[in-house]
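Chain IDs A, B, C and D follow the sequence of writing; residue 1 opens each chain.
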Amino acid sequence: MGAETIKRIGILTGGGDCPGLNAVIRAVAKSAMNGGLEVIGIADGYLGLIENRLQPLGWRDVSNILTLGGTILGSCNKANPSRYAVREGDRWVYHDVRDQVVEHYHQAKLDALVVIGGDGTMSGAHTLTDRGVKIIGVPKTIDNDLWGTDVTFGHDTAVATATDALDKIHTTAASHHRVMVVELMGRYAGWLALHAGLASGADVILIPEIPFDLEKVARRCIERRDVGKGFTIIAAGEGAMPVGGEAIVDHVVEDSPDPIRLGGVAKYVADRIEQMTDLDSRAIVLGHVQRGGTPTAFDRILATMFGHHAFELLEAGQFGRLVVQREGRFDSVELAEVADKVRTVPPDCPALQAARAVGTSFGD
Amino acid sequence: MGAETIKRIGILTGGGDCPGLNAVIRAVAKSAMNGGLEVIGIADGYLGLIENRLQPLGWRDVSNILTLGGTILGSCNKANPSRYAVREGDRWVYHDVRDQVVEHYHQAKLDALVVIGGDGTMSGAHTLTDRGVKIIGVPKTIDNDLWGTDVTFGHDTAVATATDALDKIHTTAASHHRVMVVELMGRYAGWLALHAGLASGADVILIPEIPFDLEKVARRCIERRDVGKGFTIIAAGEGAMPVGGEAIVDHVVEDSPDPIRLGGVAKYVADRIEQMTDLDSRAIVLGHVQRGGTPTAFDRILATMFGHHAFELLEAGQFGRLVVQREGRFDSVELAEVADKVRTVPPDCPALQAARAVGTSFGD
Amino acid sequence: MGAETIKRIGILTGGGDCPGLNAVIRAVAKSAMNGGLEVIGIADGYLGLIENRLQPLGWRDVSNILTLGGTILGSCNKANPSRYAVREGDRWVYHDVRDQVVEHYHQAKLDALVVIGGDGTMSGAHTLTDRGVKIIGVPKTIDNDLWGTDVTFGHDTAVATATDALDKIHTTAASHHRVMVVELMGRYAGWLALHAGLASGADVILIPEIPFDLEKVARRCIERRDVGKGFTIIAAGEGAMPVGGEAIVDHVVEDSPDPIRLGGVAKYVADRIEQMTDLDSRAIVLGHVQRGGTPTAFDRILATMFGHHAFELLEAGQFGRLVVQREGRFDSVELAEVADKVRTVPPDCPALQAARAVGTSFGD
Amino acid sequence: MGAETIKRIGILTGGGDCPGLNAVIRAVAKSAMNGGLEVIGIADGYLGLIENRLQPLGWRDVSNILTLGGTILGSCNKANPSRYAVREGDRWVYHDVRDQVVEHYHQAKLDALVVIGGDGTMSGAHTLTDRGVKIIGVPKTIDNDLWGTDVTFGHDTAVATATDALDKIHTTAASHHRVMVVELMGRYAGWLALHAGLASGADVILIPEIPFDLEKVARRCIERRDVGKGFTIIAAGEGAMPVGGEAIVDHVVEDSPDPIRLGGVAKYVADRIEQMTDLDSRAIVLGHVQRGGTPTAFDRILATMFGHHAFELLEAGQFGRLVVQREGRFDSVELAEVADKVRTVPPDCPALQAARAVGTSFGD
């Protein structure tokens, strides 16, 4: 089925905040408008389709948004069409609202949807393609862990922000001869901690893929002190875990659509190091700062190219697919293929090997 | 007693890390060397005088350090000459080591000391002037709360870092319709939260000087939602406290030279807001990032002028004094005068009034 | 005459671009709206009053503009009410259009104007107060050279941008053993070159207030090479001039409202140095980059306080005055007082003296 | 021949300044030292080999340099071993000094050289491999135009710097309704102008690969004005040229190793636009700022991986080769292969196509 039948498209952004979302929205909308299509903005991810909050997007709406963090459309973490979390009294109840979504999609006379989001959003998209909704997915995650693509926009900005924080903390650590443990995002994959750690010259990098041995981490701190470097910088992904242990859970929210919150690996490591050595240690949790801000030039370019390629798929009538970049080329894969898969850091990753070569410890 | 007798000076930096320390060291050292003096660098604050770790500083040592965060001399939080904390077995014991300090001072043939530090460091300096050590103090605090001076270097950089973080968090808050509570430094005075909050357009600013009413804070969040702004940004100084309550203590370290650690006001406020409203809330603790990094141009200039003015006091033989800037002019005050005083935000502070005028809530 | 009669005010921005303009607009508008006033935005400086282009400003218009460079109202360099430049055929003709301006002012039922601008804009404002227009001026210049105030918003951002460029050029100069001459803004006053030069540790600073001797500048470059530092960084204000010479005029635009364009001092100095020594030299002209960009936290705070103080003058009914900051306090002066005066760098300026003390040459 | 014979290596950096040089030096040196090799730093590119200025590099020398712009080894543009430019009287004479270079190489008991540089430096390297010097090349160019590799370190930082400048200029252009033409580096290839233009949303991008038609550029400016956007941003690579014309030569230095200096395309375009339309136009030349500064996180990672891969080639005994990255993988090519070839922007480049899709004009 060709693009000749496509006259009007909707755009939505789902899941957590990510720098470059607006750049994708702009690229899809401008490409589409230049190609003669009408563009509709859907508010707050799938929630806008559930609650029928849709508005036309014009030139003015997508002008001057290239440098803005966040998403002009709004987003939502809890609105999966096949499992929509609603608070009823003191607990959450889950509904399948796909009928509603499809009805609003047709009511608005949409011929296709461009869905920008992460793993959860793409699973949601996949359940809609089964109902005949024509969808093109654009991958989004600051964690860079979406399966099927080598790179996602937003990651470079998150790495830049985390690197900047690590650079700043470096001076305090050095002046005070301290061990500083900095917790970065990354539940399932360590890309962010690996890249920011490598970029800032962290002495130790802890990632979910490589369980760490606290003895070895402590020994590295001591060794550094013994050669006259009183400080050690440790970059830790939030999903990093000790050998034989489990990821550190900050707290569990009873009866919630998102019950488990990781967090606390930095405090865990800093406390143990302080006990095992006589070194002054501190934990820092960088948190949401990593998700926000003006995208880097790299991410603005990448996001624009992702958005443009989504439009090319639209024109080619290739629906039910996710835009990806692999081996330096843009391509696409089936939405079904990416569901529930995480791209983790492989042992032969060049960045990992380069980090080891310059002397970085992974605690293993 | 004139500067004609001054041939050789020592420099030390005490207390927490602060952007611009190296700029002061460079300005003092270059001014002094251009004036024909010898300059000795003292390692790790008073600890270097206690342990006799002193080294000559030359042109090469102070070249290219203007942009560096931290201090090339190192610092120490625990080494007050009249109350030096030493770990003995499982507890801390305090010693008066002023004799030792004075002995090392004379041994090194120092004619004067330039001491760069905060309140604690200046108290230490004061106890040494009583023993005949000629000292000139340079005030240092990112909190801007040192009594006697209108402004201290490092504060502008800390405000810039905090503002940048608040700007980044803004996009996430807006995209997800969340209440974001960001905890900034400031135990006793709210300058950093006030300035960063004003600079970033925070909706609510909480500072130690103005106890906050949680009801009013929650109401502001609700009011914003009701006019279509689903998000609220709250900048909270770590020493902010509820009306009738106390500053929130994160934990108490038993038997420590620094027993009480504040922290947790952001989590306290975020949790309460979430309970009192149906708004999704998150806490972020910015932490040590605020202390580090390359100083802003403003702080490099200010630090250089502070350092230069310290040299002018040296030349004028005016010892036992602290360099200050008041009403736009450099001046000096007695070290004795500033001890144990904190400069808090007064109710008629122009920044505070401007914040109120543009609609910022202080929770009162 | 009290503020009780003020119901509706206009805001305009005149002259060159300056970071912080939107922060002033926001502060005036929000303060005024919170005070129950109506606010009208005037497009493109006085041009909007001449051509009657006025629009109400509401909460939405001034939301989210605190971090934006430029001015949401637009500006214009050529529209002085008493001397409005209009192109007629191949030449410029000047008109007195004050009657028109006053008519549009009354037509829009404005009770007062807040005029944000530099020297030219304030001269224009002064000629309107004579006709009964109630004006409060807010000073604006990245050059920091407006008479009557110690500081103007925008300058800190310009200094930060120039310092960042000088920092970047430093590494190239050092790697290639070159003399780099960087031309910064500042026709009549050297504040920008002085502050950015001091903040970046420039080896030589050339400013309009201190005519430079090329021999001395060249000698400094040679001396540095001879002690093993093959490179020299020179920060030059565009109005800097050789001893006995004149400011370097890039070109003269015949028959123009702005006939003389300075520029070229960097190339002049770099070429002469290369002739006088065997050192490789390069000129860089930073240009308009200095005027743009997101204001620093410092400038956002300062601009907000300036805007708020303008509102306080409005409330107090003190018209025909310019908001100033002197010796750390907000105050105001007569518009008439500031006309045609420039605040230059005095010989006893602390920044100048600090620069000399650390060894910076001013070519004198 | 295996790496078992390699005991001692030299490192040199040649050609223009580039962010990330120190990150490569650090990665090569740390990898080599961790692998048991000795490392010698060669001063000022080939000049150090000609003049026998070599020094051992230790852990301390390569510590804390990851974030530094420039090169700690120094560089030189004029020292090609087979064509070494020497000033004799009033002219330049060229010498083949390869014998001298090879002698010093053997004298220092070097077993291999890591040569970091651009096209000219690699040509020089190639002429030395013919004499038995074992060389591994690491490609360096902010222009990203080295043949054989998809990406070079330094380019991302240059794009970030240029994008930041374009962002800043945007606000001035918009406030004053001006055409702003910004000249960026790129003599033979338009990667920098293309990427920075795309990242900043420039309205027009001019690159050497696509001759521009001034009529079309002017028309775009007029069209924008007619839909209410009074300003236009034009990003121009310095080698961009009009249809049927030639690259604009700023000046020719008679009898020089580097006789032709491009430059002036921005002024050329701005002047013509002002003549052809009634729009106020300005030219800005960004210049050397693009070469300097702290490398971005991306470039620090890339440079570290390039340096590490150079060490892997050393270990594998694969000499006479250049490290490259192609299709997302590290690999190597013969030095001979890359000589005198430039990688230009192809018509089907995804970034170029994305720029066209969002409406950017290339003046064609």
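Everything that follows uses one rule, which is that a residue touches a chain if its C-beta (ideal position, glycine included) is under 8 Å from a C-beta of that chain, and two chains touch if they have at least 3 such contacts.
Treat the numbers as computed from the prediction; the structure is a model and nothing was measured.
A.B. asks: Going by C-alpha centroids, which chain is farthest from chain B? Tell me that one.
C.D. replies: For chain B, the chain whose C-alpha mean is farthest off is D.
A.B. asks: What is the distance, in whole Å, between the centres of chain A and chain B, each centre taken as the mean of its C-alpha atoms?
C.D. replies: The separation of the two C-alpha centroids amounts to 35 Å.
A.B. asks: Quick one: chain A and chain D, Cα centre-to-centre, how many Å?
C.D. replies: Their C-alpha centroids are separated by 32 Å.
A.B. asks: Taking the mean of the C-alpha atoms as each chain's centre, how many Å separate chain B from chain D?
C.D. replies: The answer is 42 Å.
A.B. asks: Counting only residues that touch at least 2 other chains, which ones in chain B make the list?
C.D. replies: Those would be 164, 167.
A.B. asks: What chain pairs are in touch here?
C.D. replies: All touching pairs, sorted by chain label, are A-B, A-D, B-C, C-D.
A.B. asks: Please output the residues of chain B touching chain C within their complex, sorted ascending.
C.D. replies: Residue positions touching the partner: 26-27, 30-31, 34, 66-67, 150, 156, 159-160, 162-164, 167, 195-196, 198-201, 296-298, 300-301, 304-305, 307-309, 311, 326-330, 350-351, 353-355, 357-359.
A.B. asks: Spell out the part of chain A that touches chain B in their complex, as residue ranges.
C.D. replies: The contact residues of chain A facing chain B are 13, 16-17, 19, 21, 44, 68-71, 74-77, 87, 161, 164-165, 167-172, 174-177, 180, 278, 282, 284-289, 291-293.
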